[in-house]
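In structure tokens below, several structures.
Both of the next two complexes hold chain A, though its partner changes from chain B to chain C.
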Partner chain A sequence: MTSFGFALRRPAAIIGLSLLFLQIVLIIFAPAVSPYSPTEADPLASLLPPSSTHWLGTDISGMDILSRIIFATRINLLISITSVALAFVIGVPLGLLVGYYRGFLSGLIMRIFDFVQAFPIFVLGMALVSVMGQEIWNVATVLAVLFIPIFARLIRAEVLSLRERPFVAAARCSGATDVDIMFRHLLPNALMPAMVQVSISIGMAILLTAGLSFIGAGVRMPTPEWGLMVSSGAQQMILGVWWVSLFPGLAIVLAVLCFALLGDVVRDLMDPMKAQQFARDPEIDLQPIGDNR
Partner chain B sequence: MIITFRRQWEVLPRSLQIILGRLALVVPQMFGVLLVTFFLIRLLPGDPAVLLLGNMATPEAVEQLRDRLGLNDSIWTQFLVYCGNVLHGDLGVSIFTSNPVTVDLMERGPATIELIFYGMILTVVIGVAVAVISVRKPGGTVDIVSRFYGLAAGAIPDFWIGLILIYVFFTLLGWAAAPFGRIDVFLNAPPPVTGFYTIDALLAGDFDAFRSAAGRLVLPVITLAIVNAGGLMKMTQSVFSGVWESDFVRHARACGVPERVIMRAALRNSLPPIITMIGFLVGFLLGAAVLVETIFSWGGLGQYAVQAVMNSDYPALQGFILVAAAFTLLVYLVVDILYELVDPRIKV
Partner chain C sequence: MRSKTWSTVLSVMTAALLSMTSMALAQTANETLIVAGPRTPESVDQEYPPTEAGHEARRNIFERLLVYGMKTDDNGARVENFSKIDGALAESYEVSPDQKSITFKLRKGVKSAAGNEMTADDVMWTFKRGWDMKATFRWYMTQILKIENFEAFQKIDQYTVKVSIPHPSLLIDRLWINNDLGIIDSAEAQKHVTAEDPYAARFMATHSASFAPYYIAKYSPGQEVVYEANPNYYRGAARLKKVIFREMPTSSNRLAALQAGSIDVAEWLTPREIALVAKMPTVKLWQVFGNYTHRLEMNNATAPFDKVEVRQAMNYLVSRDQIASSVYMGTARPTKSVVSEIYPAYTEEAFAYDDNVEKAKELLAKAGYPEGFKTQIGYRTGEPIEEQIAVILKTSFARAGIDAELVKLPASSLVERYSKGMLPMYFIRDMAIVPDAAYVTNLFINSQSMVNYSRFNNPEVDELINKALTSTDETAREASMKRVQDLVIEGAPWVFLFNPGFQLATSIKVTGFSWYTPNSNSWYDFAKQ
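For the complex of A and B:
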């Protein structure tokens, strides 16, 4: 728990962790905390401004915005976390292999990454989702495809420098197999940048998901989703109906901010130089990662 | 043969070596981009001919189209035909507008490029200026504001901040121009020379059109800058503070070199990473333009792409992403060349 205590000494970490906690609570207890059904339209209550009955107002079909924001936490975080988890699980071993074995196949995989990354990320995401069909799982898969090169490259870059280090030669001399070297010696030491990237990528995924839904290339009505909610209010914004788009957008900002802050914390925790700067408490011991101490 | 070639290469001026070397790398990259755009449409579940004609088409019509599209040939033949078509500037026919996609894209391109161009300028000005001031006066107002801004900027969705700006500055305050397109509907667009309405209007001496076009640009450009300047600012801060605290700056100051000259030297030394970052920005801006154009009914490439997505207009979508990738690669090319030109330490 020492690293937890270290994290608590920074205001950014406190805000990040509380936002994360809030989101977890909302995801688990969504039906209990939301005052109305997130998908039930009430034509009589269309476009009501925020009031004591509807705290954040209602949208054009009379659905309660607060309830929809709460339920949307599930969809948005589900898509974002799934996509990043997929990208991590595929990208990390791929980066390890591509960095360790430098043959024709590795070169080919790197070139494919180059080709994919030549496209602006939002543009390619938009095209892929619209071609694959606009469903929740397709959005998650597409985002995973877009993120795989990022993780693979981070790991590869680390492995390329680590594989020349003496401890790898030592492991090989003591009879370690390639798999041993890759997963027991290289991976733990190469993982740090990828771990930081996880948090940043979740934030990116939230923004991309919302953007895709906003232009109609993501999930569809009446699914509660933040980007879709912002878009459903876009037409009325100019007429002075501000609450339909404002609040879901704020939810996006807070969610992304949360993961950005957590990313900073993870980076500082894992960077021994930085961590020592913050560590005023001698009880905090910073343990090296992996089994090559 | 090879030796004479190498000798000829070595006597070329350095800048020419850089440019030629980079150009040679673009060919395989473009090939890869073509490969991705081609196979993207192959991902479509079902028969492209049926998709193009719709479900009501007769089997004969589908077979005819399959034949005309070459769908009965092997996939590699199809790819070669596709490459050939693209090289001839033929990107197919849009299902929605029934114009050749190339014509549609050429018509809408300048709108997007004008938007991105001004967006880029404002982003760089804000990003670099805030970073430099915050490094020179640590703990000052700008420094503190920049810390919050750097954190928030990455979290703000561009489509949302655009809507908020419209609400505040158009609906509430009435300061901004209406968010409907590039120019007032009652004004004629200036005769196209550069495709930039602002520049064309000035060239034509039409100041009403200029005022209208410039006014329409304000909110979308600010939207792009707010969202994208944060990343550039953070990056510039870290590079510039490294240079600002370096020995050569301290030495120059100890020697009594005027602050203005030190600034110039320090900025020039932080330039290479900043240039790279600006290159990446173009890709972001192009993606952001898709969303921002939708909000401001801009009528550029981004809005065209969104239309294509909504109407399952696959030739149009394919054409757009090809052009988007080609444009990005072109920018990366220019950036790489500039990068090597400004940093004389890099060996070619």
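For the complex of A and C:
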């Protein structure tokens, strides 16, 4: 049985993958499955409760909440995946460098990471968005800035322990250059925690995107975005209008849950202890990812 | 036996003490009003640019020379009677027959909260300060009364001051009712003068020194302002000894606090919240039609809004009926002139804009924009109504191919950007304090006005306004003001939207609401039962 096959035997993985599949379908077929335009206001349909016409009701501008939630999947995942991908692509090589070369520059980079991570995450996010502007790509960039230190630190920690191993010395003796050692010998062995972190970070990015929009530092109205939708509905809660905030809130919960579950699965698959358990199970054909020892 | 007597005596004393304490607390509670509003004033100095929060502070901590008499309107609210001017700090006044000078006879025995008696020296120091600081006071004097130098202001004796103007003006008396023109307790203010700050601007930004019913006991920007009653106020000390104004930016929080009884007054609720409040037995809703205009201004100096056809087209793309019912819940009326409909000389005869997409497209094609264009609409954070209208207008404008990006900005950033001409379209909710068409039009659409942010420029309009400001012929003045309103509607400097009215939600225990043209509450009028 493959690792994918094993994953499918776990309820958490099934739920996570199902939710992921649902989101992918919504992203691709949003225009086809949305009953209304996600950004067109209809003043006469303002704050209608859920009904057969508007399944999840309408917001204060008369926009259909179901349609906005569907289209928001695109925006939220686009921002989250872009930001994490960007952080991964920049953070991993940076972590590799600061772990391998330990000098003034490495120290400086680590202090910059300390500086970024010392800030309350929302304060830093708000400050960066206010400087760069409330555009989708800017929000993604801001989140990437916040995530880069996380990936870099994970890789650095791994590299620090791996660089003293005999296989690195062996590679050096056989004439491998620093680049060879870093990218051919260290990186494949140091990558596992970062891979697990990807899924967790996407969930975090969804929450942060929604949070930034909620406090007014995310995307602009009437862009369909879950946090913005929760925020616009919060004002009406006191009037007994619960549906405007509740449904986008549930969408956030499900999306974050999806990536949290997938993160757990990836972590279990890459955990050496779990891998040994899998190896003892004759039905499981997992390939433990080892180093070059 | 003895211990029984003692315990009885102690019980009686305790009961009496508790009863006295609770009476005292009840009295204190009835003398303290807790108000929640969107923001604390940015500054309490009357020379600071006027804002809604600033106006309210000024009304309570600055007393003026003259006031309007009061009357009861058709809905039972106490409002200003624009045809009756009474003395305030000036016990009486006299306008010269040629309307070129006014002499104020100051009230004797008027004392500030600091205990200083008002004299002509306080009035002259206030005038000198305003003139030299080149801000609000200077603007009124030069722009409205056309005063050219400080020689216009004269101290006649210890209780008499005269102001002379170069041209006749029908506003020579009523301008002094404006609550931007309060008189300062110069003795108190001058204690805080330094060589670098000759008019105590730093002190006056956060403190009060005047002859008003209240003084500022505590000013914490972004948190709260505490007003305490001036025990020496010339009309008698206020019934409410303390007014605590708390900043609560979100209107739903203000509503929740009012519902819970933790505040007595909730300012600036949304129309939906107002509709909810109207059904609550513990809340009293005070409403007047007021003088606001809530409009979407366009920068008339830059493309595409430099073309009158485009500006007219925008006005044809607004479904006012839908916005009135869905956004304002019937509490607002469409604005159909630059002048408030409660002011003399108002006319809406030229207003013909309805929801007509075909007409709008025709005008856009004529202007060279048959496919529409891209633009931006700026609005303030913490203004759910503006966001709601902005989303509706975005959809509405899209019918003619106009792609409007919504830009939400903090109030200060928004003002900075539109005052520098950096935003093509932006919301403004404003009012003109002086109930006079020449004053209003001069303020909003005279090309020389510093608050003509739309940069509307029509030489005929300017000429008519300037003539009206110095004319004493009321009939000719009214005719020219009607002509100005017609020209402005035709020139369409703004997308005319709504007069949202003025509503105030208070606890049922609160009485005494009165409405004034700056739409600011005068806590002196209020009481708590």
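Note that in this section the second predicted complex is superposed on the first by the 279 of 293 C-alpha atoms of A that agree within 3 Å, B and C clash if a C-alpha of one lies under 4 Å from a C-alpha of the other, contacts with A are read in each partner's own complex, and residues count from 1 in each chain.
The definition used in the following text is that a residue touches a chain if its C-beta (ideal position, glycine included) is under 8 Å from a C-beta of that chain, and two chains touch if they have at least 3 such contacts.
Note that the structure is a prediction, hence the values are computed from the model and not measured.
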| item | value |
| --- | --- |
| Partner contacting more residues of chain A (chain B vs chain C) | B |
| Touching partner for A:L246 - first (chain B), second (chain C), both, neither | first |
| First, second, both or neither for A:M132, with chain B first and chain C second | first |
| First (chain B), second (chain C), both or neither touched by A:M237 | both |
| First (chain B), second (chain C), both or neither touched by A:P11 | neither |
| First (chain B), second (chain C), both or neither touched by A:G103 | neither |
| Which superposed partner A:I60 touches (first chain B, second chain C, both, neither) | second |
| Chain B versus chain C as contact partner of A:A217, first or second or both or neither | first |
| Chain C-contacting residues of chain A that also contact chain B | 216, 234, 237-239 |
| List of chain A residues in touch with chain C within their complex | 39-44, 46-47, 60-63, 134, 216, 220-222, 232, 234-239 |
| Chain A - residues contacting chain B, complex | 111-112, 114-116, 118-124, 126-128, 130-133, 203, 207, 210-211, 214-217, 227, 230-231, 233-234, 237-240, 242, 245-246, 249, 252-254, 256-257, 260-261 |
| Chain B to chain A touching residues, read off their complex | 28-29, 32-33, 35-36, 40-41, 43-45, 151-152, 154-161, 163-164, 166-167, 170-172, 179, 283-284, 286-288, 290-291, 294-295, 305-306, 308-310, 312, 314, 317-318, 320-321, 324-325, 328-329, 332 |
| Footprint of chain A on chain C - complex, ascending | 250-252, 255-256, 259, 270, 272-273, 276, 319, 322-323, 325-327, 381, 384, 387-388, 390-392, 394-396, 398, 405-408 |
